[in-house]
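Each of the two complexes below includes chain A, the first together with chain B, the second together with chain C.
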Partner chain A sequence: MTPIHSTEGIRARRAMLMAGSLLAAMAFSSGAGAEPLALKICSIDDRSGSAADTGIESLNGLHMVVDPVNEAGGINGRKIELIEYDGKTDPQLTATLATRCAEDDKGLLIIGPSPTAPAAAVVPVANQNKIPAYILSAAANALTDNAEFQFRFGPKAAQDAIAVADAAAERGFKRVAIINNSVPFGIDGSESVMAALKEKGIEVVARETYDVAATDVTPQVMNLSSAKPDLVLVYPYPADGARVIRSIRQMGVTAPVIMPRVGLMKAFRELAAADANGVLVPSSVDISRPEVKKFFEDYAAKYGAVAPTPSAVQGHDAGTLAIKVLSDAEVQKAIDSGDLAAARLAIRDATLRLGQIDGLQGQAGVTYQFGKGQHHGAPDKGFFVYTEVAGDGKELVAPDDAKFRPAQ
Partner chain B sequence: MEKLSYLILSGVTNGSVYGLIGLSLSIIYGSSRVINFAQGDFVMLGALSAIMFVTTFNLPWFIAIPGVIGVVMLTALALNYGVYRPMVRRKAPPLTIMMGTLGASIMIYGIGLLVWGPDQKFVPALLSLKPLIVGPLITNPQQLAIIATFAAFLVLTWYILYRTRFGLSIRATGVDPKVALLMGIRSERIVLFSFLFSATVSGIAGVLVGPLLGGQIGMGLMLIVKGFLAAILGGLGSPFAAAAGGIAIGMMEALMAGYGTSLYAEPAIFMLILLVLFVRPYGLLGDYEAERR
Partner chain C sequence: MPLATKRASVWPVVAVLALGVALPFLLSGGFQLRIAMLIWIFAILSMGFNLLYGYTGQISMGQQGFYAVGAYAFALLQIKLGLSPVLAFAGAVAICAVLGLIVAYPLLRLRTHYLAMATLGFGLILNGVANRWIDFTGGTAGLTVPPLTWGGEALGRTGIYYVVLAIAGVVFLLHDFIARSHVGRALQAIRDDETAAAALGVPVRRYKLRIFVLAAAIAAVAGCCFSVVSLRVDPSLGEFHILVSMLTIAVVGGLGTRFGPLIGAAIVTILPQLLLQFGAAETLIYGAFIVLFLLFIPHGLAGLVENVRWTRKSAAPARTAATNVLEVKG
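Right after this comes the complex of A and B.
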C-alpha cells in the first residue's frame, strides 16, 4: 500500500485528481447546451391538515393560469410541468419535499406553501439550493427579511395590523379588546396589531389568550366583555375561532368583531355558521373588481364555487408572475443552456426585474412591489378591503358600513 | 360571585373533557400497564363517524350513537388483537407495546384521512349550541351534556370496579396480571374489556366535543396531551384520580385566565403540575389509590 505522504503517493493522487477534473469538465461541457431544461414548477402546499383549503385553492388558482398556457402550446413550445406535493401542514415534510423538488426533480421554481410554519421551513432549502420560492400567504413578518431566493405574495401580519388600525382610527374606535390563541399565529398577530394601534393612539383595553384545545373560552371572553370595548379583534385558528365567536355572541358582546385572515376560511365559517354573521375581515381580495369577479366565476365553473378568499387568487398571481418570468429572454437563454443553477438564478433576477405585476390581489390599480431588495410583494397601502361574513357563514359580502362604527 | 360561578362552570366543562380522556387512558393503564397512544384517535373516530352516520347517512341519533360505539369498539378490537395481544404473547415490554399503539395511532390517522379527508368538518351537535340560561349563568346544552356524561362515566366506572366481581378481577389484573391468572382470572379478557370500555368513553367524548372543537383527523392529538397530563397529575393507575386531574387542570386554566393572566396561563399550569409531581411523584391521588388496592 502506498503511504499517503510519499512522493509517489502524492503524484498518484494528483494524476487521479486531474483525470477526474478532466472527466467532470467533459461531462459538464457535453451536458451544457445540449438539453434545454424542462419547465418544472413544484407546487408545495398544504392540501391536507388544518390549512387544507388554502393549499387546494392555491393549486386550483395556479392551474387556472398554467393550463391555458399549456393548452396554447406552452412557452416557446415547451409545456410547464406542475409537480404537486402535499405538505400536510407539516414543516418537516414540507422541507423534505422542497429538497426533493430542488435536488431530484430539478425544479426551476417552488410555488407555496401558504401557512407560515411550512413556508419558514422552505426558506433555508430555497437559499441552500438557490431555487426561487414564491411563498403565498405566510404572515410572519420576518419571513422575507434579508431574503435571497424567497418571495412572498400574501400580506404580512404587520400589514394586516396596519389595515386594522387604519380602519379603527378612520371609524373612530377608541377602546379595542384583543383575544388570540396561544400559537405563534395568534400571538404574532395580536402583538403586531397592538403596536399598530398604539401608533394611532388607540387604547387596548384587554388582551386575552386561550389554548386551542380548550372547549370553553368563557373566562377570556368575560374579561374581554368586562373591559367594555367598542371593537373586538380575534386572532384564532378556524375551529377555535368558531368557539370564540360563539362565546362572544353567547356573552352578549355587541361590539363589531374583526377577525383577520381566518374569518375568510371556509372551515371557520362552516363551524361558526350563524354566529359568524357580521364578522369583519380585512381581505386582499376586492370582489368589486370585475376581473376578480370573473376569476371566481371561472373558478366555480372549473372547481366548484368557493368564497372569494385570497388563497386561489394568490395561486393565480404567483402563476402569472412565474409565466412572465419563464417567458423572459434571459431566463429562456439560461433554460436553453441546460444549466440548472444559471436558470434558477435568472428566474430569481427576472422576478426582481419584472415583479411589479398587476395581480388579482389588492384594490384596482395596486401592483405587486417586487424589486431589488424587496422580496415582499404586497404594498402597505391599497392592498386591503373589508369584507363581511354573511348568510350563516356561506357568503362574503361588502360590509354594512353603518354597523362598522362604535356604538353611540 | 357571578364571575367565579362562570369560571367554575368553564373549568368543569374543560376539565370534564380532559377528565374523560384521562379516565379512558387510565382504564387501559390500570389493567395492562400500557399507555395507549391511540386513545386520542378514538375521540377523532367518535366525532367523524358521528358526521358519517348523522350527516352523510342521515340517520337519527338513536341509531347513530350505537353506530359510533360500534366503530370505536371494532377499532379497539383490532388494536387489542392486532397490536396488544401479539406483543404481550411475545413478552414485549410495556414500552414496546406503547410504541405499537403509537404505530396503530398513525395507521388509524391514515385510514381516517382516506375515509374523511383532510378538511376540518362541521360535526352535528347532539344537543343545541344555542345559549341556555341556568340561574345567573349562560351556557349551552352541549356543554352541560359534556359535564353530565363525564359524571355518568365516573359513576359507571366506579360501579363496575367496586360493585361487581368483574371489577374486582379488573383491579386484581391491574395489580399483578400473572398472579391474577394463577387465581383463575383471564387477564387477556380483562384487558380486552378495558380497551372496549375506554374506546367507548373516548368515542362518546368525540361525539360531544366534536361540535365545539370541529371534526378533523388530527383532533385526537391535541386532546390526548391534556388527557395525559390529567392522568399524570391525578395519578395514572386510578381512573378516578385521572378524572380528578382533568378537573384540576380545567379549574386551574379557568381561574388563571379569570383572575391572573391568560397569556401565561399554560406555562404557569405546566409549572404547577411539575411542582405537584415533585412533591407527589405518583400524582395527587396516586398513593391513596395504591393503598386502596
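Right after this comes the complex of A and C.
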C-alpha cells in the first residue's frame, strides 16, 4: 500500500508543481507582454432615416482622412480600424451602439453622431465608459456644458442664430418673419434666432410653424406675407423646405430668404430648382478657401459630387484631430501598454492639449478651440460665411450683397 | 387569439425570472447586459399594451406617450423637486395613472380605429410638448437623469440590471395574474363582444377604464426603467418608432398571450443587433422577417405554443371567453 500512496503523492506533487508553473507562466506573460490595443474608431451616425445625408457624408469625409493614413502603413505600423454603425436617427439605438463600441468592440474613440438627439444619447455612454466622443453637427446649445468626454465640431444653434442676427443687423433689416417646421431642428433653430434677434433689437413680425409632412403651407406663408417682413428666415428639412420656398415665390414675397444649413443640401436644391435661386445660407464651409475647394473635388472624384455642406467637412476635421491625437507619444504609450481605460483617458487629454487644429470649417485662419474646459470647438467669430443658391439650384455662389439688403 | 386557462401554472413565469436572475453570470459584457435590460424594459411596456389591446381589445396608439411622460416625470421630479429615485418613481407612476384616467374617461366611448386615432392624437400632443417646451423638457437634447446610487456610490451596471429585473418581475407577475384570473377572462369577454360581456354581468366600462389606467401606469414604469438605464430622457421616447416597436413585439411575440411581450421584446431587441453585419440590407431583412411572421405565425411565437396545447384538447367542447365568464360568475 505504501508504494502506491507514495506514487500518488509524487503524482500529486508533480501536478501541483506543473499547475503552479503554468499559473506563474500565465501571470508572467500577462504582466510583461500585454498586447498593444487595436486602433479602433467607431463611426456612429445616421446613414438611414431623416438625417441620412449627414451621416453618409460625415463617414465619407472621415474615410478621406483615414484611408490615406492606412494606405501609408497606419500610425506606427498599426492601421486604424473604422467600425461603422448606422444610428438611424434613433437616439436609443445610437446609445446602444455606442455601448457596443465601448464595451464589446473595445473602441478607443467614437466619432459621431450628427443630429442633436442621438448625440445627446451618446453623452451618458461616453461618460459611463470614459470613452471620448467627437460629436459632429449637433446644434443643441448645452450639449458640451460641463463636458467630460464629449467634444463637438459643429457650431451650436446659438452660433447659427448669432450669425443670422449679426448679418440682419449689419444690413439694416428691421422686420423679420420666421417660418419653421415642427421637428426639433425647426423649433430649436427658430427659438434660438428669436432670442438672438431680440438682443439686436430686431422685431420678429411673424412666426409660423407647420407640420413637416404638410403638403400645403400656403396659409402659413400668407400670414408671413401679410406681416410685410423685410427678411424671411426658414427652418425646414429639405423636402418641406422646397414646398415653403415655392409658396413664398408664388405668394410674391420679395424679401430676401435665409435658410440655415438645409439651404445647402442637394435634396432641397433639386426639389426647389429655380425657386431656390437667391436663397441665402449661413454656412461653416467657406468654399472660397482653396483647400476646401480641393477637398470637395477629391470628394467628388471618390464618392460623387456633393454640395459643400458641413457634414463631410466635419467628418474630415474630426478624423484629422483623431489621427493627430492617436499619433501623440503619450497616447501611443498608453496604447502600447494594452490598458484600454488609460488609452481612452490619454486620448481625451491629448484632444484637450492638441485641439487647436486648422480644419476645413470656418473662414481661413480660424482654428478649432478645444482646450481645458472647452469641449466645443467652433469659435463665435469667423466661423460662418454666406452662400447663395443659384443656377436653378445647381450652383452655390458668393452672395450678391446688393440683393441682401432691405427693400427701400 | 388563444384564451388563458384557469389552471395555467405560475411556475413558467418564476422559471423565466430565475433565468433573469442568473443572466448577469451568463453574459460576457456590459453591452449584453444593456441589451438584457432593454429587453425587460420593452417587455414591461408591451405587457401594458398586451393587457389593453391583446386581452381587452382596446387599441391605444398613445402608449408611447405614457412611456415618455413616465420617463420625463421620473427625471423632472428628481431634478426640479429633489425627490429620491424611489419617490420620483412612485410619483411618475401616479402622474401617468391620473393622466391615463383623464384620457380614458372621454376616449373609451370610442372603439376600434376611432379609439386608435384619438389615442394617437394624444401621443402626438405629448411629443409636441416634449419638443417645444424647451425650458421645461430640455427640447431635443432632453434631460440628464441622475444616476442611481447605493451607499453614496453610483450603482454599477449589474446593480441597475437587478433593479430593472425586480421591477419587471413585479409587472410580469401582475400581468400573469391578470391573464390567468377571472379578470383576464372578463377582459377577453369584452374584447370578443362588449354587448355579450355586459349581458353576462361584466362591468364593461369599469374594466375598460381600469385596464387603460393600469396600462398607462405600466408604460410609466417602463419609462422610469429606461431613464435609469440610459441616464437621459428625450422626445424620441414618445415618437412613433416606439409604437412601431410595441406593435412588432405584439406580432412577433403574440398578442393576448402570457409570454408574448417577453418573447417579442427579446427578438425585437436582439435581432437588429445580429443583423448589423448585413449593413444597408439590415432593414430589408428585418422587414421581411416581420412579414414572414405575419404570414405564417400570425399569433406570434407564444401564440403558437398555446395553439398547440389547444389542439391537443380539441376533443373537449369549444369554449369562448363568454362561457368562461359564465363559469366564474356561476
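Here is the rule we use: the second predicted complex is superposed on the first by the 376 of 408 C-alpha atoms of A that agree within 3 Å, B and C clash if a C-alpha of one lies under 4 Å from a C-alpha of the other, contacts with A are read in each partner's own complex, and residues count from 1 in each chain.
Rule of thumb we're sticking to: a contact is a pair of C-beta atoms (placed from the backbone, for glycine too) under 8 Å apart; a residue touches a chain by one contact, two chains touch by 3 or more.
Computed from a predicted model, the values in this text were never measured in an experiment.
Student: According to the stated criteria, A:124 is in contact with first (chain B), second (chain C), both, or neither; which is it?
Tutor: second
Student: Using the touch definition from the top, say if A:48 reaches chain B (first), chain C (second), both or neither.
Tutor: Once the two structures are laid over each other on A, A:48 reaches both partners.
Student: What is the contact status of A:140 with respect to chain B (first) and chain C (second): first, second, both, or neither?
Tutor: The second partner, chain C, only.
Student: State whether A:178 touches chain B only (first), chain C only (second), both chains, or neither.
Tutor: neither
Student: Touch check for A:251: first (chain B), second (chain C), both, or neither?
Tutor: After superposing on A, A:251 lies in contact with chain B but is clear of chain C.
Student: Can A:223 be said to touch chain B (first), chain C (second), both, or neither?
Tutor: A:223 sits against chain B, while chain C stays out of touch.
Student: With both complexes overlaid on chain A, does A:161 touch chain B (first), chain C (second), both or neither?
Tutor: Once the two structures are laid over each other on A, A:161 reaches no partner at all.
Student: Quick one: classify A:215 as touching chain B (first), chain C (second), both or neither.
Tutor: A:215: touches chain B, not chain C.
Student: Intersection of chain A residues contacting chain B with those contacting chain C?
Tutor: On chain A, the overlap between the chain B and chain C contacts is residues 47-48, 182.
Student: For the complex, give me every residue of chain A touching chain C.
Tutor: Spelled out, the residues of chain A in touch with chain C are 47-48, 85-86, 90-93, 95-96, 99-100, 102-104, 116-117, 120-121, 123-124, 128-129, 140, 142-143, 182-185, 187-188, 191.
Student: Using the touch definition from the top, list the residues of chain B that touch chain A in their complex.
Tutor: 3, 6-7, 9-10, 13-14, 17, 113, 117-122, 129, 131, 138-140, 143, 146, 209, 212-214, 216, 218, 222-223, 225-226, 253-255, 257-258, 262-263, 265-266
Student: What does chain C use to touch chain A in their complex?
Tutor: 29-32, 34-35, 38, 128, 131-132, 134, 138-142, 144, 226, 230-232, 234-237, 241, 272-273, 276, 279-280, 282-283
Student: Using the touch rule from the top, collect the residues of chain A that touch chain B in their complex.
Tutor: So the residues of chain A touching chain B come out as 47-50, 52-53, 88, 182, 207-220, 222-223, 238-240, 242-243, 246, 249-252, 266-267, 270-271, 273.
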